[in-house]
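Questions regarding the structure given below will be posed in turn.
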């Protein structure tokens, strides 16, 4: 693959700059919180700048090909090399991770959750940033795996240290669960490596030779990857870590978790599992689709049963990632595009929802839906933002959510050749019903929390007045970009589709997609 | 004399050790099970070393023994500390990481 | 003496020792009495030493005996003494839901055996293979594997200090 | 870039700036929406000026476009297919296909554009007075403007996705507007119900669009070079004989389900009456004249799809006609048992929508569209009239029985406009309703659906009856309740009370007898008796009434061919249009342009039209002298059709006379009943009861009066209207409503069960079970969390074992 740009350093810089920031921060006394915050935010901003530069330099006419490719010797013993690149699929997520990190940091300026220690908190976020960005650019399985796991640890500590009452449980569950998944994933990677002649871990190489593996073997390897990625997504039976993790995690954790971490799984499917093992993918697609639609309905039901706002949002993630996986499972570029768009849209919207939930928690010290009411009376702005996000999340056309949801449903009508059409059409209808349920639980949530009069305990003059204030400066700074993005992508989706479409087409060569 | 007989012996010991690690509650016993595992590893190492006629296996077996010694030392020290703090060596009484 | 009957002797020896080791190991993980467990462990370790000899690794065998049976076991027994008032059988050495250990262990064993059987079916260990001399071992330790050796020394040092720090009563 | 066909259009067809740039019309209010949101509060008029200005701008542009469209149409002969002005920009691309957003302007969209822009402008002006001093005044105008943006966008939509965009925007706005006074649970629940019900219908929209897209895309790409979402493409495809009957039927039915939801057709109409919880202007704009016709509009928009999919003109009764007919009667019957004037109007809206649907289902495309047009005016007028009453006369009460009566003396303007609109609604000659509704009924019969023609006439009867009742209760008889100035003291206190601390406008909802009361608050006339409303309210009424009176003449076949203007301007001509040029791979614009050029019927298009015209002379007679083409009846040769050939019932005075007669009958009956009921009730009650008991049902008119008398006294009697309406109402409340509401609750219940038992016990339990024995596998999440070394060991080795196993198996 020829190098499309001489700026092949940008990715490396963009990925590891945060670590430099971490190094600097290590020398900042713990007491000097403001400074460490400033440094961290500065680093994130610089990283984002590099990201912007990458976007500018990105050659959109060749969005289908790998750009800024850099390759270097790494662990020659196991034939793994430091091989990175960026294409239309990676770009949006790569960039999103940078944006989200920066915004989260800004938000954290005066929202460092107890027990304080901003320095450590920010360091973790920077490390997280490296891991996330790295995962999206890695073109070598070992490298991918390293970054993939690198993400795990900071998140574990974020939940385990800064989380809610039940944090240890949640963090441990999250950690072990994902660990378990990655173990199988690693096995699958190794199997892949040996089955393709133990020559290289480079993804392009594997894509070329992966198809040659015997079908049964492919199915087994795919199974390994499937579990690894599905846990991360999370898909229906593997989702139970998510609500706990989200509920317990600090706001920042939830936002990053929802916005980026969940995408690592789906990204893995799109980038690794499906292109490398087309045969197996064909075999698995109906089952993935099945789990996806189960997830859609099931997540929605879960939401309807919730009494806790944050937990409800967490469950809605399950439903929305269901749409993403449904799109992927069709193995058509139509579906893939939808899925990729859905990933970004879900990142923006659900991230935003978690921000709001965090701010609500901070003001009311509770997320019990039945204790909340009349938010619009006390905090109109926050209330309307919540409404906006709810609308976006239930897939209202003109807002980003719709473009992940509707095309996914659409694509299910006509899956890739070789897949059972009837089955997928059934999926389509079920998914469509899911949209109604989505409207149901979100509006239900909104009606109960935002409308009506404030409940007794929080009504004016019951001692909560000083806590209950409307959106503040830092929140505005952190949220506005997301809100704008939701509208912009909703009104003009082409912005993203034009980047995704070619790349997806390349990814699906094996299916003639 | 087959290579496999040693390897399989190693495997059996290893699994017994694993079983012990999982089943045992008493810290000391868990440490013992770990010793079992380590020894099974050593047997493998030596078997291969004999097979390949190279001394690496010996070397690492030695290292393993050394590490094991260190591990037991620290481990038991921890057990002692734990016992001192809570008059018990039941591992499930260690609930710092409990959620 | 003839290689063949040596081999026979070795095989017989191996078999006996192996059986003893397995039994010992099983007792270690099943016995109700910590002290007994320690003693059973001695048996296993001794067996291991014997196996080392069969594998033509005298030096290691000796080390095994000295380090393990000499030092480690004593440590264990001390640990037992220090941490538990009464010596003798007691009930809750196992945790209540450890039962899943069994399937896991069995699964693991099955896997390994399959793999091994698949890997080196009937590969023989030639009796007249060049035996490894202790000198070679030392050459390696202080030659190519010097770095690990240093690392190891640090580990031991750290362990020693750590143990003292932990166990110090203050 | 343009989809090119448009420049080609200028070759022979007149066009103009307004037509070419009609896509701006929805953009104006959209921009205004953001202006209101961000700067509204700071503006002198609290943001309403943005809304009003934008709506007027939209109105001007629409009228301009209408004018130019008429020029365009008049430029060609009666039979020529007039190309809509289509422009499209790439909105999103997927799978290499680029899907556009743009405009598709033809007679239909022009008509609706004018209506929407006009009514929205009036309603916004009206609202400045009606919601004066409301605590969320600015929000209200923001939503109202966004709503108009959505509707206009849906009208100009070039493809289904863009249409869905507008469709859902309207849903959202109606949610915000119905729930405008969300402090009360009732309102927010109604809002939720409305959004949720329509959303349920939208399943059909999503599915139908998908089905049609994949069924049509290949054909449209190949033939016209447009995607399978494009409305033009779908229309042509539907008539091309290409579609498999299964696909198109499924698609049509699915889409129609969406229309049922949106247009409040039976059985999904239950949300519409509840939607009256919103402020009256909202009811007038959204839930009478614009939004609820979205469903009808959708059917009219992609009519060929329904034409083929539902097999209209086929001998069997089709889905649309059936639903429409049922809705007419059910809703009209329900209107009898309402005391809330707005609910009467709501049900009448539902039944009028039923007429439109029935018309469309029976191939009466033009009358249906025409009915949208006229109905918009008089229904808006009626609602605003109701609003004017509650605003100025009845202390925000909408209860005809308790708080109205005899108002004609107090509010002459409101009264006269109301009367005009009522006559229009009932379809009295020469009011506008007559021309549209009567056309529908005629054509339904002409298309062979005799039964449904009778249903239509019966519906007209009922309409006349219940409207008379409403009118009587409101304007005649003696003033009652608030209208008589009763309990206006506490009202006064109430107003005083929150004039003091103005913030909590909802403060006195508690004793305000109608939920609307509090929020139309701050009306300083709280202490006067009933009187006429101010100009801001009456002027819109007058304008609307004028149109309710006059708009009918736009298409009055009664006076002969040349009066059928709307038919000339709006109805798409069914002509086989050659597309020979386009049968090339789609997309490349060069080809498309030249293709579009040859698409104009100048060259071969005309010859076809000619000969098809010639052989049409044969049936010209029985076809009312209309031009005839193959479109819709057989597969078009050498080209495509964009519209099916529709039949038109020749106008017959005796038919019209009959229907008008029925209407008058209904009015007179109802009037007499009302007089007896409400004015002389007490005299009649005594004495007649036992006489009736004695003589049974043997009485004629008097007895019936008596029956109805007792009926309204809530005594069970056998009469026609009562069991039906009660039954229908019961069915409505308990079954349908029950289903709608029950669905929600039951899902939540199941959800709860699933969550508790499946999620927490099974799935989660399975996970947790990794470390725990069976008995505590459930609720208490003992195992994995226990933080016990052993169990980490277990997990670690377990995973290792499985991993190894996988590896081994793979390597076999």
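Residue numbering begins at 1 within each chain, and the chains themselves are lettered A, B, C and D in the order written.
To be clear about the criterion, a contact is a pair of C-beta atoms (placed from the backbone, for glycine too) under 8 Å apart; a residue touches a chain by one contact, two chains touch by 3 or more.
Note that the structure is predicted; figures quoted are calculated from it, not measured.
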(request) Please work out which of B-C and B-D is bridged by more C-beta pairs in contact, and write that pair. (result) B-C
(request) Name the most central chain, where centre means the mean of Cα atoms. (result) A
(message) Nearest whole angstrom, what separates the Cα centre of chain B from the Cα centre of chain C?
(response) 7
(message) I'd like to verify one number: the distance from the centre of chain A to the centre of chain C, where each centre is the average of its C-alpha atoms, in whole angstrom.
(response) 47
(message) Can you compute the centre-to-centre distance for chain B and chain D, using the mean CA position of each chain? Integer Å is fine.
(response) 76
(request) Mind checking the centre-to-centre distance between chain A and chain D? Centres are C-alpha means, answer in whole Å. (result) 39
(request) Check each residue of chain C and list the ones that touch at least two other chains. (result) 95, 98-101, 104-105, 108, 112
(message) If a residue has to touch 2 or more other chains to count, which residues of chain A qualify?
(response) 168-169, 172-173
(request) Specify, in ascending order, the residues of chain B that touch 2 or more different other chains. (result) 18, 21-25, 91-92, 97-99
(message) For a test of understanding, state which residues of chain D touch chain B in their complex under the given definition.
(response) 785-791, 793-794, 797
(request) Under the touch definition given earlier, write down the residues of chain A that touch chain D in their complex. (result) 168-169, 172-173, 176-177, 179-180, 183-184, 186-188, 190-191, 194-195, 217, 220-221, 223-224, 237, 239-241, 298, 300-306, 332-334, 337-338, 374, 376-377, 391, 396-398, 402-403, 406-407, 409-410, 412-414, 428-429, 432-433, 435-437, 439-440, 443-444, 447, 450-453, 492-494, 497-498, 501, 505, 513
(request) Flag every residue of chain C that touches chain D in the complex, lowest number first. (result) 95-101, 104-105, 107-108, 111-112, 114-115, 118
(request) Going by the contact rule at the top, pick out the chain D residues touching chain A in the complex. (result) 90-96, 161, 164-165, 167-169, 172, 175, 179, 182-185, 188-189, 191-192, 195-196, 199-200, 202-203, 206-207, 209-211, 213-214, 506, 744, 747-748, 750-752, 754-756, 759, 763-764, 766-767, 781, 784-785, 787, 792, 795, 799-800, 802-804, 806-807, 809-811
(message) Looking at the complex, which residues from chain B come into contact with chain C?
(response) 1-9, 11-29, 31-33, 35-36, 39, 42-43, 46-47, 49-51, 53-59, 61-63, 65-74, 76-81, 83-84, 89-92
